[in-house]
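I have placed the structure first, in the form of structure tokens, so that the comments after it can refer back to it.
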Amino acid sequence: MLEDLKQEVYEANMQLPKLDLVTFTWGNVSGIDREKGLFVIKPSGVDYDQLKPSDMVVVNLKGEVVEGDMNPSSDTPTHTVLYNAFPNIGGIVHTHSPWAVSFAAAKMDIPAMNTTHADTFFTGVPAADALTKEEIEEDYEGNTGKTIVKTFKERGLDYEATPAALVSQHGPFAWGPTPDKAVYNAKVLEVVAGEDYHTMQLTRANSELPQYLLDKHYYRKHGKNAYYGQNNAKSQEHAARETE
Amino acid sequence: MLEDLKQEVYEANMQLPKLDLVTFTWGNVSGIDREKGLFVIKPSGVDYDQLKPSDMVVVNLKGEVVEGDMNPSSDTPTHTVLYNAFPNIGGIVHTHSPWAVSFAAAKMDIPAMNTTHADTFFTGVPAADALTKEEIEEDYEGNTGKTIVKTFKERGLDYEATPAALVSQHGPFAWGPTPDKAVYNAKVLEVVAGEDYHTMQLTRANSELPQYLLDKHYYRKHGKNAYYGQNNAKSQEHAARETE
Amino acid sequence: MLEDLKQEVYEANMQLPKLDLVTFTWGNVSGIDREKGLFVIKPSGVDYDQLKPSDMVVVNLKGEVVEGDMNPSSDTPTHTVLYNAFPNIGGIVHTHSPWAVSFAAAKMDIPAMNTTHADTFFTGVPAADALTKEEIEEDYEGNTGKTIVKTFKERGLDYEATPAALVSQHGPFAWGPTPDKAVYNAKVLEVVAGEDYHTMQLTRANSELPQYLLDKHYYRKHGKNAYYGQNNAKSQEHAARETE
Amino acid sequence: MLEDLKQEVYEANMQLPKLDLVTFTWGNVSGIDREKGLFVIKPSGVDYDQLKPSDMVVVNLKGEVVEGDMNPSSDTPTHTVLYNAFPNIGGIVHTHSPWAVSFAAAKMDIPAMNTTHADTFFTGVPAADALTKEEIEEDYEGNTGKTIVKTFKERGLDYEATPAALVSQHGPFAWGPTPDKAVYNAKVLEVVAGEDYHTMQLTRANSELPQYLLDKHYYRKHGKNAYYGQNNAKSQEHAARETE
């Protein structure tokens, strides 16, 4: 059942230790088959060097296990909420990567301070509100997803253009059109969090990017006028035009 | 004599360089056989790449060497005090891991600022009082253990729920039900120490976790209602319930 | 066409991940054949572990692709401007190395604070002005090169003695007589950026080097009286003389 | 000529990249044969992965090359001054390790703030005065050694108990009874420099160790009553006594 997706989700999970995004088992990736309404997720608490594609657990959009011998990640309800709220995402990743966690603990956004950020995230990455005592006791992992969704709604953010959030006091969630892209976004988030920290210590002045620079960097990599990489019709034409 | 325990303690010691917790020989792990009242500890000053299981030294609960050709770790008296004072621990580790040392030198607790911390430690990890001149000259290593024990008593801390301490000006000790779990706890301590440092530089405001979030994270991994990982009866049931 | 140069530029590009200067594909190196007026550059968005010498793209000094199946780096117009403005450079490298990016985002120069810096850079490395909204929208990558050139002109800097610049909000460009030397200079820049950050946090006092120490370190490695390394006539003579 | 010493100095040099103490060729180790009055040092500017034992250069105590096809390290005059001034040292190492350089650029001592420091250095490690314009122009590398010697004299420091110094604006020199021990001391210096930096950012209060703790840690590893490691008569006796 969903063997290709299991393989894809397995490989995305295995990227986490390679990219220095996890210590021990502290991270999980899932990927969804939108037609079937089923997603595949890492089992809970299994060491990365023992993980196999067949260990992946299949879950439906109510968060119920449909196939798998092992327990799914304890963060499964968070993934469920995000897949239901953000219909265009194909993969989700949660890590405890240390720079992002440092900002999450400070309840601070990761601001857009450089073009490395702007290449991937169209705005600062928001720190979603910490959960209340009631939200934690009632449905902790589910409400973790809901605080992210609420933050995007309240701030009018586009979840496709800003594909990540911090949960205050906890850590980062990132997503994307595929599990692999979600992991890429999680790595970018960790890199720019470290850079922002150092920029903020160097100067307390406002170092946030102006919107026109965010526009330029984001749109040269994304959308119909993108010209970065090998797969955009505009790319080759652009290289010449720019210096005319 | 205690060959299985020697192997276990040897393997736990060998985790220290793999987890970037030691430079040179600056760390040691011990493990205890509670029935026999004997513990096994790394010899003093031996390089990790030359260490063998048979080098492990057997010591009794008075701190006397019972078997072994080599001198035990110079920190053996500290281990002895902790095994006597904390009857439910099965392993102890001491390192000079740099983030934990940085807090120890500042005589500051490692506060509970994020859920990575709360997953393992139920409270902040205390910085035990620095030893006085008299305590150092009288019985340095023994009193190093005693200042930890005294700090846990004075603050009413549960050594099983907060399985680590800093010794001010010196560095971290961690423990657990087994030598392997003690090493795990030492690594978590090092990771959260680095995160806390950065969170504290980002904001001087109170970033400590509320008790209800500590409760949630600690108890979803520990105790009878735990649902993280593969070995808890509650785990599978939970995943579904949370999203009902 | 330019097979030797392609090989040289390929090898210089492959140094970037080895020297921890890039994450994913975030960097590019080019090298120029001054007689032919053509330069060779990494294709856009290709993974380093899939890169081959034959993937390199040949570009003329108008920024037009002359040979190559792939799109050249999206930063090609910046390289074009620099090759035209700085006639003695043979190679250029752009990275998003994190310490240099942290300074770029703060719009701060990387000051000359230690002799590691002075061995390679004769002055502080300038943060070129951020581009205006108009400059970004008109010709982003071309104007990125122009702001570097303008900054060197305005400050009276010698591009051969200070072979690097930051582009504010973006990141570092470095150059040199060859692609390999350009990469060397980019690594030195990253190392001293990290050191300067820590020096600046330790003391807000002026820690910049005096000119006479910059002179000494720069000129013992560069120019006709250099005596560092194996290729300077002065070297052996010097070692004895200094202690006479 | 001095083949054993060349091998020993070669191996000590090769430890520098393994211990993350050098970037490129920025470091050198020497070792001395006191009976012959000759020392052996790394050649200038040679890559570590191309270095061979036979490349080592033999120099006398006037700083003159006695044997060797290559130029000796450009820091040879500094080594010469230190060997002449400190008669009991057998090896010297110079690196540009980044934490030590950060303190050197700030012209700040590396204070004794934790017992990792006290295990190796009996006092804070001094930042020797920066050279004057005249000292730099007259005999740069020789005066680099002399400022270290002068600082030890003025502060009444024991070069055997505090086997390292920073040269302000430049970087660390460390030494010891053998080249291997000198490298060990250089690594300890780098580790404690990083820890001290973080401790100093955590608290501006005085975090320096009291003398009685320095005494305890230094003397449990050094001198006739040492009991750390396997080679001290006192070691085994001690382990038992401490808990009596």
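Letters are used for the chains, namely A, B, C and D, taken in the order the chains are written, and counting of residues starts over at 1 for each.
Criterion: contacts are C-beta pairs under 8 Å (C-beta built on N, C-alpha and C of every residue); 3 or more make two chains touch, one makes a residue touch a chain.
These numbers come from a predicted model, not from an experiment.
Q: Turning chain C onto chain D with a C-alpha fit: angle in degrees, nearest 5?
A: About 90 degrees, rounded to the nearest 5.
Q: If you list every residue number at the chain A and chain B contact, are more than half found on both copies (same) or fewer than half (different)?
A: Different; most numbers are used by only one of chain A and chain B.
Q: Could you state the distance in Å from the CA-based centre of chain A to that of chain C?
A: Centre separation, chain A to chain C: 33 Å.
Q: What is the distance, in whole Å, between the centres of chain A and chain D, each centre taken as the mean of its C-alpha atoms?
A: Comparing mean C-alpha positions, chain D is 46 Å from chain A.
Q: Going by the contact rule already set, what residues in chain C reach two or more other chains?
A: Answer for chain C, listing residues that touch two or more other chains: 201.
Q: Using the definition of touching given at the top, classify the network of chains in this structure as line, ring, star, complete or other.
A: Graph shape here is a ring: one loop, exactly two partners per chain.
Q: Provide the full list of chain pairs in touch.
A: A-B, A-C, B-D, C-D
Q: What residues of chain D sit close enough to touch chain B in their complex?
A: Spelled out, the residues of chain D in touch with chain B are 113-116, 184, 187-188, 191, 194-196, 198-199, 201-203, 207, 209-210, 212-213, 216, 220, 227-230, 232, 235-236, 238-240, 242-244.
Q: Note which residues of chain C are touching chain A in the complex, please.
A: It comes out as residues 23-24, 26, 43-46, 59, 62-65, 70-72, 74, 76-77, 80-81, 96, 98-99, 101-108, 130-131, 133, 136-137, 139-142, 169-171, 197, 200-201.
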